[in-house]
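A, B, C and D are the chain letters, set down in written order, and residue numbers restart from 1 in every chain.
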Amino acid sequence: MADPRYAIELKGISKSFGPVQANRDIHIAVPRGTIHGIIGENGAGKSTLMSILYGFYRADSGEIFINGKPTAIPDSQSAIRAGIGMVFQHFKLVQNFTVLENVVLGAEEGALLAGSLSRARRVLGELSREYELDVDPDAVIEDLSVGHQQRVEILKALYRQADILILDEPTGVLTPAEADHLFRILKGLRDQGKTIILITHKLREIMETTDNVSVMRRGTMVGTVRTAETSPEELAELMVGRKVLLEVEKAPALPGKVVLKIEDLRVRDEHGVERLKGINLEIRAGEILGIAGVAGNGQSELLEALGGIARATGRITMNGVELPLSGKGADGRARRAAGIAHVPEDRQALGLIMDFTAWENVAFGYHDAPEYQKNALFMDNDALRADTERKMATFDVRPPIPTLAAKNFSGGNQQKIVVAREIERNPDLLLVGQPTRGVDIGAIEFIHKQIVALRDQGKAILLVSVELDEIRSLSDRIAVMFDGQIMGLRDPETTDERELGLMMAGMTGKGEAA
Amino acid sequence: AEPAIIFDLGGKFDKSFNEAAFNGAERWAQETGGTYKELEMQDEAQREQALRRLAEAGSNPVVMTGFAFGDVLAKVAPDFPDTKFAIVDMVVEQPNVKSVVFNEHEGSYLVGMMAGLASKTGTVGFIGGMDIPLIRKFGCGYAQGVKAVNPDATVVLNMTGTTPAAWNDPVKGAELAKGQKAQGADVIYAAAGGTGVGVLQAAADEGILSIGVDSNQNYMHPGSVLTSMLKRVDNAVYEAFKEGEALTPGINVMGLANDGVGYAMDENNASLVTAEMQAAVDAAAEKIKSGEIVVHDYMSDNTCPAATF
Amino acid sequence: MDYATLLQLLDTTLRLATPLLFACLAGLYSERAGIFDIGLEGKMLMAAMASASVAFLTGSVWVGMFAGMAASLVLAGIHGVASITFRGNQLISGVALNFVASGITVLIAQRLFGQGGRTPPLAGDARFEAITLPLAEELRGVPVLGPLYAEVISGHPLLVYVALLMVPLTWWVLYRTRFGLRLRAVGENPAAVDTAGISVVGLRFAAVAITGILCGLAGAYMATALQAGFGREMTAGRGYIALAALIFAKWRPVAALWACLLFGFFQALALRPDVVEAVVQVKVPVPFLDALPYVLTVLVLAGFVGKAIPPRAGGEPYVKER
Amino acid sequence: MERLPKWADVALVPLISLLLAAIIAALVILAIGQDPWEALTVMVQGSVMNAYGWGYTLYYASSFMFTGLAVTVAFHASLFNIGGEGQAQLGGLGVALACLFIPWPHWTLALLGAATAAALFGAAWAAIPAYLQARRGSHIVITTIMFNYIAAAVLIFLLVDVLRPDGQMDPATARFPEAAQLPTLNEIPGFNLIFTSNVPANVTLFIALGMAVVVWLLLWRTRLGYAIRAFGKSEAAARYAGISPFAIIMVAMLISGGLAGMMAINNVMGEAERLLQNSASGAGFIGIAVALMGRNHPVGVVLAALLFGFLFQGGAELGLWTKIPIEMRTVVQGLVILFTGALDVMVRMLLTWIFNLFRAGRAVKGAA
């Protein structure tokens, strides 16, 4: 029998997606009336675990206890009935509905709306007062800021009388002020006796808000500690694990002239939210500039703006020539012509056409390159295949079959194809995003070597990675990004993981908030 | 060889033009015990294939209803010199083609008179199918007949459309009829193939009189269909089938004089047509046969003395 | 154009707008739930054939009407299975079912009656008769409004009034009931519905079924009220015009009424080129009048007449993800 | 659950879909009181058992190759072009204008000129929906449907009020001059040994086959084809690669419309030898079925076009020699589209299930 003091107790939860084991024998106990943090690297299995708890996925094995009672949660309806509410990273709101309608949806009483709506209006008023969750019940969601939308999600859960509230990376999309407000709300909820599970990558938030914290790594639960008895440093260590710190053999950098100069670069997303807030950077020939940061702090936008995918404002100068940031000439093709190669963060969505063969993918972005043309009319597919075979040999892509579809290679080998394609172009500037995400140790080493070799040929490299180890071992200079801005530049020789981690969490290296 | 017949768009059960042809073929089949091939057109572009396929398969003679076959027949007939063809409503000058055309203006004149006599409002209507000279010929004869008995009468003329779809658009027929009723018409003559079904229906719904065309349509709404202008397409088909492979090529004009056109009387409209009306119309018919009255044929010069299109 | 002609035109407009309105509201339910349906045409056709056939065989227009709804529901069910259960391409499914309906209606009618794919003409109780509204004759004398009431408003078959009533009813269902709220939500963001613990599949099937029923009424009206029987392809593209009207109305019920009346008015005008000519003083070719609804729809789609934003999840099969 | 092998996906899935469609069609024939076997016999007899039947089967197939290829090219850019019908009719207008108003010295030149006109007119008719999709996001499926209706209206107007010769009653243009008429197969040396009587299949057949090769080369051998396919697979990735979505949507639709338009040289120039109303006779829609059935590959399209040519000619024979109405072929066409295009997931699940049964059976045997 489980302990009724725990709002939630999970015993031996396992879940795999095909070959990927997302959760492996997870045990966790969350005492009632506490805020419980869960941290872990990308892909550690946090969201999967919570989705199991909310009935979105079914665990392959394991048991769930709610308030000490064994509870089956085959679907979201059951989770709601068990008093669980979830605020997803991507909100599940109907954009053109009012707040009231969103709150009522699925929790109506009776076939007619009028009664439900007026009751909801009353209850919402009470909840708002009680938890400082003021939102206009008649506002339409799409007119609300992200922070307010999130409050609606919380209200939705509370309206369903949730006692247990799960928030998956709630602050990824919030401004610091909004995040602070959220944490005040969460503390208020806890003080009213609710139990809260908070998933976040930001150590500062864990330290300031939670009572206990669990750390996940690669599908397993590494441990649970009382927040008061731990430190950001310890958590970072638990989270990252005692991985072999890859020693990349590289000679000291010999930086040359400035290849790329970035001035006041700004990018807005489709909702008009500013994701890059004025970036200024210089990248020199013969150096690797690493961008460290937690995912979602503008690194992707930086790469996309430089790679010609996202529209931006500001000024970028490549080898002394200004490149347009929007309109004509601001596309991937023009950037490649200007000598910029790009290994995108998401190889499957951007870097490769998964249904294309390997050799077709080797031409991706370069299909009009002269050496791939037979004549004015036709592409030289034979040459392409030969070239692919060569690249596959050089980069040890397995299996070395140019006619195999990209989707049939493993993640690591897919990445090698992309890296081979971009590096072999011999670009003046290489943009690399997450070059080794999901790639095995051997391949990591290989890809790192290639990047360093390119640097040693006097090329400029901009490296974006969420892996601190990778940033530290590869970069000649490190810029830390937080909330669309550069927090500062550090020398990898003189900085340490702790300082970088704190900067990534929005604090300056000296431990103060930014 | 087996004879064959091809019905035009609208289909053999259009209650009107094609159905008349169908009845002729059936009559032949019943009288002789013979069998025949039949085909209904669905689509403009199939005409040539239909003709060729029947000729190729050995049908003889091949009879087709509708002017629209004219162009195609002129192209196909020379390819099958041993097959005889007959076409209704169009003249195709080929050595193996018999062309049957009708004096529709004469029959229309008679029913026009009847409409003029039956109308209480002094306004009568005409709803044509596809707007082509052939149908104007109907309308023009009709208007002349109306004016002959009531020179002050108003004739409201509408055409259903400009494409063959106009032969089979009962909705539009019904709406046009309702429109004409609103303009005061209390007798409406439909010369529109399958579209006429809608006209007759609307007239019955609205409590006014209608006049059918081609086949005897009096039975469709007893007490509402004043009469029908008979165009003996059935006779034309029957004759062609009976002649068989010995079909005599050339042009065959069917008018009042040789019973090619006329008007229908039966128990369904007996109560609507008075003896005086019938006497007047019959008298006019005799005069037309004798040449004493000449009904103007719109197609002879594309003008009409009694109506403007 | 005199008043009598105008009344005549409006009378025709109402008659011709009715099937558009049924079909348009039918499409509204489906598309509001996120299932695109270009198969309105096929469902109407199927219902027209079934209702006319059964009405003729039983002599009862009511039995015929229900048969029409049932036939339309069968096609709606197939569309549901293809696009909801098997997450197939909704557009292709709609196109396919239109073809099937176009052919199979003729096959069945031919098999039943042997009259070239038509049903025999319906008469008497096998057909919806026009209803004279109370006081129509008495009020006829009242200037302007009297004739309007007697000529345009009164004197239509029952289904015309049912269609008109469907507009406020649909509005009420959509905006005032739990079902309506969920229906609108599932077309905008099925994930929101799913996480709220409601079955996306169930809701979508319900919407598709309503579409089937309303298309059934549209077809039954065509065959047993507007006309007296079924004929091949008798819906003549009305399903597509209804779709156009739906876009024009931006997927809103009251606007759908106006859009259908507008398109019905165009159809009425196309029937009376003489009136058009009298009004605009030039001979307007009938094909241009026929094409007007389509041209307008393209303009709406292009955003020249206000942007039409379809339900956000429209056309996309729902796949569960976080 | 294991995946299907590629050969099964490419060949077996369409065949099973076809089989399912055929089974349902047979049931329909049974339900209307006719004999499916007899129907099949009549269809086969009349369409592929003699030269005359082939003359028609190939004629229809030529049209369907064009429209099928048109749908294919658009599909590869993930655009669903339902507007083939309207584009083909406009192509017919181009052919008619070229044939009627230019005095061609020889049919070869006339063919070249008419084909160009047909492609241009068809492409122009596709250009507006393409532009609206690319720039304003108007759904191409709806706009192309609307353009089908608008095309029909435009053609009726032109045929009735502008191009119809004086004194002619049916809405059609005059017959094209002798020099603008294409040789049919029975007029081509060599082929006339097989085709002894006048058949509608004409030199356009070779152009259609040629276009299949051209489309194959375009899609799999040229930079443009590469860009079209990449865009069709992933718009986001195409942006990364610097492929302009606007350019691809426009170009793919122009090619698609051009191909649909070129169909007119078969039916308008090669067969009718004048422009009729509704000249495309639904071939634009059949192109959808052909492309789906042919798995959007030119080789598949050619085979599927032959199949549909057979269905079309066989269906016409049904109307002639049996009591099964000619509408049967519309039903079959709808069923094929339904099973290959909308229920493909079901067919695939079915096949996968069967395959797994097989595998399990083998595993059990292996263990024993």
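We take it that contacts are C-beta pairs under 8 Å (C-beta built on N, C-alpha and C of every residue); 3 or more make two chains touch, one makes a residue touch a chain.
Protein names from UniProt, one per chain: A = ABC transporter ATP-binding protein; C, D = ABC transporter permease.
Remember, it's a predicted structure, so these values are computed and weren't measured experimentally.
Engineer: Select, from A-C and C-D, the pair of chains that is joined by more C-beta pairs in contact.
Structural biologist: Greater number of contacting C-beta pairs: C-D.
Engineer: Provide the C-alpha centroid distance between chain A and chain C, rounded to the nearest whole angstrom.
Structural biologist: That pair's centroid distance is 48 Å.
Engineer: Rounded to a whole Å, what is the gap between the Cα centroids of chain C and chain D?
Structural biologist: Those two chain centres are 30 Å apart.
Engineer: Can you compute the centre-to-centre distance for chain B and chain C, using the mean CA position of each chain? Integer Å is fine.
Structural biologist: 35
Engineer: In whole angstrom, how far does the Cα centroid of chain A sit from the Cα centroid of chain B?
Structural biologist: Taking the mean C-alpha position of each chain, the two centres sit 78 Å apart.
Engineer: Where does chain A touch two or more other chains at once, residue-wise?
Structural biologist: Within chain A, no residue touches at least two other chains.
Engineer: Among all residues of chain C, which ones touch two or more of the remaining chains?
Structural biologist: 117, 232, 287
Engineer: Listing for chain B: what residues touch at least two other chains?
Structural biologist: Those would be 40, 162.
Engineer: What chain pairs are in touch here?
Structural biologist: A-C, A-D, B-C, B-D, C-D
Engineer: Can you tell me which positions in chain C touch chain A when the two form their complex?
Structural biologist: Touching chain A: residues 175-182, 184-185, 188-189, 191-198, 312, 320, 322 of chain C.
Engineer: For chain C, which residues are in contact with chain B within the complex?
Structural biologist: 4-5, 7-8, 11-12, 15-16, 115-118, 121, 130, 226-228, 231-232, 234, 236, 268, 271-272, 274, 286-287
Engineer: Show me the residue ranges of chain C that touch chain D in the complex, using the header's touch definition.
Structural biologist: 38, 78, 81-83, 86-93, 95-104, 106-108, 110-111, 117, 232, 237, 240, 243-244, 247, 285, 287-288, 290-291, 294-295, 297-298, 301-303, 310
Engineer: Can you check the complex and tell me which residues of chain D touch chain B?
Structural biologist: Of all residues in chain D, those touching chain B are 52, 56, 156, 160-161, 168-172, 175, 197-198, 200, 267, 271-274, 276-279, 281, 316-317, 319-320, 326.
Engineer: Considering the complex alone, what residue numbers of chain D touch chain C?
Structural biologist: Those in contact with chain C are residues 28, 31-33, 80, 82, 128, 132, 136, 138-139, 141-143, 145-147, 149-150, 152-154, 156-157, 160-161, 285, 288, 292, 324-325, 327-335, 337-338, 341-346, 349.
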